[in-house]
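What follows is chain A paired twice: with chain B in the first complex and chain C in the second.
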Partner chain A sequence: MSTLVFLEHHGDELLKGSLGVLAKAATLGGGDVAGVVVGSGVRTLADGAGKFGAAKVYVADDAQLEAPLPQPRVDVIARLVRDTGIDTILFGNSVLTADVAAGLAARLDAGINWDLVDLVQEDGKLVGKRPALQDSVYVDVGWTSEPRIALFRSGSFDPNETGGSAEVEDVAVELEDFSSAARMVDQAHEESEGPSIEDAPVIVAGGRGLGGPENFTLVEELAKALGGAVGATRAVVDAGWYPYATQVGQTGKTVAPKLYIACGISGAIQHKVGMQSSGVIVAINKDTNAPIFEFSDLGVVGDVHEVVPKLTELVKQRKSS
Partner chain B sequence: MKIAVCVKQVPEGDSRIDPGTKRLDRGGEGALNAFDANAVEEALRLKDSTGEGEVVLLSLGPAKAQDALRKALAMGADRAVLISDDAAAGSDLVATSYALAKALERESADVILFGQQAGDSDGAVLWAAVADRLRLPVVSQAAEITHAGGKLTVKRQTEFGYDVIEAPLPAVVAVSDAINEPRYPSLKGIMGAKSKPQETVTLSDLRVEADRAGEQGSRTEVYALNDPPARADSKKIDDDGNAAQVIFDFLAEKRLV
Partner chain C sequence: MTKPADFPPPFRTADYVAAPSDPPEERIDVGVLIVGAGPAGLACAIRLGQLLEDAPEIRERLGEVPVAILEKGKQAGSHLLSGAVVNPRALRRLFKGRKRLDEMPFYGPVEHESVYFLTQKSALRIPAPPTMRNEGNYVASLSRLGRWLAEQADEAGAMLLPETAAEKLLVADGRARGVRTGDKGRGRDGQPLGNFEPGSDLVAKVTVLAEGTQGHLTGVALDRFGLAGENPQVWALGVKEVWKVKRPLDRVIHTMGWPLRPGAKYREFGGSFIYPMGDDMLTLGMVVGLDYRDVELSVHDLLQELKTHPLVRKLLEGGERVAWGAKTIPEGGFLALPKQLHAPGLLIVGDGAGLVNVPALKGIHYAIESGRLAAEAAFASLQRGQTPATPGALAGYDEALRQSFVWKDLQEVRNMRPAFGRGFFLGGALAGAMTATKGRFPRRDLQLECDSDADLIRTERAKSYPSPDGKLTFDKLSSVFASGNKTRDEQANHIVLEREVPQDLALLWERMCPAQVYEATETGVDVTPSNCVQCGAITAKGGRLTPPEGGSGPEYKLT
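And now, the complex of A and B:
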């Protein structure tokens, strides 16, 4: 088996998610594990990957690869896979890597399994573990041909700093015309203000079920009464109801407070990965079938506009008594 | 402007995997994938903003997926093409993207839209595969799209904040579920949908070779279905006016208030 792990970076850091996948790859045994770093001015990053278990790191370093866009990365990796005969390509899920992995699957006619939380050797076969249908069933999945592509759910593995150094090899960069057609014109990385929700002992989070930005006062008041912070889903952040700094989930923050109260949140996987390690999860949602109830300690089928203000009142009374 | 929208029919309510075929059970009622309503809405807005054009729906699925397509036609789309063929059952991403790309080639749309994710597969990946097959630029997770001067400008959220990406037409764009509020079909829309063209095409109509579709054309397989790991005790109640008190008592018991 010869495995390639896509090592995603941001600024001058390799992302923890892809280093976790690298650590996982090293445990599979039976072959080489290489990493690939794609970007502009990324050679030193490639050097650093040796510490995390890569024997070899391929590096595509080119000004055309500066912006984190998927299609040029598909060109680079497809060529590398064809040239080296790599049979397994692993990605830690992100907005960028999902598009790279799927584009690559089409380019190489390679099977792709996504949302994996583990990968194991069973009876000489590689088997991916995939929670499906709101995690109600765990499916064992595999590939019928090579190369195989796997995309892991974010946060599935921790990096393992083993020390060591990698042999770094440059790879050729030749891009297709259509791959360079999309252009990044701006990247706004909002700096958060105020205390980070990552340290709050209690988070009261609001989703689209609140009905509008003005109703965030409901969760703000409950959070205040509980001495906690306010969180939000991507849906409400993208809609401009609440700031990005409060977003919990795959593309936001990962939090693990003692108490997480989800108000009008459906509980999509991408939200779940950011809050599932919370101590106690309470959910209020008017749809009895909402996936959030599958991973709540206490679920209330009800209207947030009814339940939340009453709860705030009870907490306040307790405090003043 | 001609806009193609890829939409999927997903099972209504709770889904299950058939233990025999190890495929998603598509036997029950179907519904339009909720995330795809955002893509249809955005297509209608783009068409309106340019003042002319056509919105065509494309789907791969069983014959009854026409019902889900009719819902999108009722919203205002102009016509629908369903790729339906027994030989396409069990298609994975490699096979699905191939068949959809073949159907999209026939349409030569200026913009090809996708929803954020299919509610049953939760992939959020298909567009990138289709775009690669069509050799077109792709932008995903679009929270805002503007069209001017033959190109699209897309704002989208990533792990690090907001990106703005420009793509010349034709282009493939997958929208986020926050991009708009999908309209409800009007009564007139619902009545009108019945007379809109709904074409069903087979794999051979699209010249999709037999070994590129269905299980034969797929590169992944399902070995086994297992129960999820057991969860600690959890409680679920209906609010009868007293839920706040139940939550409060629960928190007090856990010493969280």
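And now, the complex of A and C:
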């Protein structure tokens, strides 16, 4: 088996999601694992990938690849796959990679399995695990031909460092005519203070139990003290207490911070699916029967208006001492 | 006393009727336009395909797209839900010489059946009423059957347009001309967002409304063309779950009695069904007539309660819920049928027309048969020298339906549903007399009353609903999740209703809705439209459901 992992970057950093997929690929064994970085001025990013298990990193560095558009990336990877005989190509899901993976499948006439949460070797065959029926069951999926393409749900794997270094190889960039038909007009990102909720190591989230929008300051202060981001439930976003960009859950963002503190959140399944892979979940809620306590590592039965300010105070004290 | 009808929704038919307005180069011309990829609409498409196969000159005249089917769900079947035990009669006829029953996606024939009268702790087996016998019928998931029918329709040359809602009926010169599809990508206040796509005019020679229960444009068309009959339509709400189970179920089960109350003042007419789905799954559901009165009644929670009954609990032991859904059922039957089911350029079929046999718990075969007959009438009107838009050109459909088994069946049982408005025991006795006389008793037909005209009462019914344990019993939000619903949250509200209402009515809506869309507040009611699974109960009880953005709502697969 010869595996290629697409390493997506933002600015001068490789994304955690792609590195997680790389780390996973390295544990599968049974062959070489390579990464590919595509962009402009990205050569320096390649070295870092060795720590996460890549034996080799291909670099396609060209000014034409500056904009994060899918078709030029399909050109680069399709060519690489044809030239090297790579048989398995893996992607961590994002807006960009979903397009790249789909385009690549069409270009190579390859089978694609998407929304996978795991990949294992069973009897010498690669088997993907795909949640179905609203994540209530896992379906085994496979490929009947090569090359195989897989797209993993974001946050499926931790980017574990294993040490090691990668050999870096430049690849030639030749784009198809039609690949330059799209151009990037503008790229903008929402301005916000502190880390974004997708990347934050700590998230403090608020729900209806806060009682009103003004009480979100309690959540904000705790998040600030912990160096984390603020999240919100659908109910409070719906009620207009907090912006949609912070919504965690089925119709919001899926997050997996090291620490998730849920303040006044009952823990409906729609919220749970967006944060259940968090490292440690702490719930503060005055309702003993709230479902959130069933999947929290630490539960505090109490009034958020009393508990949260005290917690903020303690964190501040600890930090300053 | 409060009743829902005193607070009518600010809904005007005129807002949903329009003349074609897109310039000719932007509008989409099709031959026959079918609204709704359910059993009726798909049967219509399949039959049209069969007829056009042998009539290339007509096919040619219908243009590039001879037959199109609009579907508001993600795919065919996404919004289909039923018990379902299917009478195969209409399918056999539709696929005669082309497909055999064993090629259709059934879970097998009904081999044994039991009917029980339940009390809280016990189950008394009673003989199955003659109308309810299921010998020769097959168990199916209607969602799955719908997906299969859609494949057949595709092979027959029909074009399926999923994720597209039919929002307005196009009418010009008093003739139906097609539909206008709903806009996509609007925000909460109706403002266009970055992904805004306007709807478009789909202009057709014949428009077939196959929207199912609570059809949005069906309601508009009945009003616009003055087709409504003497009696109002009435509905029931059905809520069901699909379970993976350890032991196969070897029969179909129906129950009556508990958790419903038999007293006439409560008007709680309904029961439950439990059907096997192969060796490792079963489906169970609770159906309750929406003429009920108690503001604390919740069909969702009655189903949770039903699962705690020893008879049911035993069947589910060690199992796991894998799907959930809810939908209304038109129950008025023969008495509530529109005066006629056609207008110039327009045909109405299936559940939307009200073709359901309540005492037999069946309607799928009527939907398929009516779809087939509509196809034949549409085809006849497209012959050279004919125009479907001429008044009366489609009357052949009504005539054929009157000659069919659908009409005869419905006529025989026409008075049974209203009889049960008098309580379970008296209703049962009257129904027996009706069966014995093949519908000649009573001599004078009974009357139906609008579901929203039932005066509200309030008991402490909710106290006995079990608290959800996440294993056997569930809360509504978990259920919505299991329906596959992941509707975009910032869509404009598609539910038309009066927001400032008395506490009683707000609570009625809150409890009634199986998907937690309504919440009673101090001044009235709050709405969370993205939870909506489009069951249609709100239309029966004083509001009006209109279609949300195409592709929204549940994504049923096994229901």
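The working rule: the second predicted complex is superposed on the first by the 194 of 321 C-alpha atoms of A that agree within 3 Å, B and C clash if a C-alpha of one lies under 4 Å from a C-alpha of the other, contacts with A are read in each partner's own complex, and residues count from 1 in each chain.
Basically, a residue touches a chain if its C-beta (ideal position, glycine included) is under 8 Å from a C-beta of that chain, and two chains touch if they have at least 3 such contacts.
Here the structure is a predicted model, which is why all the values come from computation and not from measurement.
*Asks:* Quick check on the superposed pair: does A:Asp109 touch chain B, chain C, both, or neither? Answer first, second, both or neither.
*Replies:* A:Asp109 sits against chain B, while chain C stays out of touch.
*Asks:* Using the touch criterion from the header, give the chain among chain B and chain C with more contacted residues in chain A.
*Replies:* Comparing touch counts on chain A for chain B and chain C gives B.
*Asks:* With the two complexes superposed on chain A, say which partner A:Val315 touches: chain B (first), chain C (second), both, or neither.
*Replies:* After superposition on chain A, A:Val315 lies in contact with chain B alone.
*Asks:* Let me test your reading of the model: by the given contact rule, A:Phe293 touches which partner, first (chain B), second (chain C), both or neither?
*Replies:* Once the two structures are laid over each other on A, A:Phe293 reaches chain B alone.
*Asks:* Per the contact definition in the header, classify A:Leu133: touching chain B only (first), chain C only (second), both, or neither.
*Replies:* Both: A:Leu133 reaches chain B and chain C.
*Asks:* Scan A:Gln250 for contacts with chain B and chain C and give back first, second, both or neither.
*Replies:* The answer is both, since A:Gln250 touches chain B and chain C.
*Asks:* Kindly list the residues of chain A that each of chain B and chain C touches, one partner per complex.
*Replies:* Of chain A, residues 133, 136-137, 234, 237-238, 244, 250-252, 269, 289 contact chain B in one complex and chain C in the other.
*Asks:* Going by the contact rule at the top, pick out the chain B residues touching chain A in the complex.
*Replies:* Counting only chain B, the residues touching chain A are 13-17, 92-94, 97-98, 120, 122-133, 135-141, 143, 153, 156-168, 171, 176-179, 218-229, 231-239, 241, 243-248, 250-252, 254, 256-257.
*Asks:* Touching residues of chain A toward chain B in the complex: what are they?
*Replies:* Touching chain B: residues 10, 68-71, 74, 94-96, 98-107, 109-115, 127, 131-133, 135-145, 151, 176, 178-179, 181-190, 202, 226, 234-239, 244, 250-252, 258-259, 269, 280, 282, 284, 288-289, 293, 295-303, 306-308, 310-311, 313-315, 318 of chain A.
*Asks:* Within the complex, which stretch of chain A touches chain C?
*Replies:* 133-134, 136-137, 234, 237-238, 244, 247, 250-252, 268-270, 273, 289, 291, 294
*Asks:* So in the complex, the part of chain C that touches chain A is made up of which residues?
*Replies:* Spelled out, the residues of chain C in touch with chain A are 244, 320-323, 467, 470, 475, 477-478, 480-482, 484, 486-490, 528, 530, 557-558.
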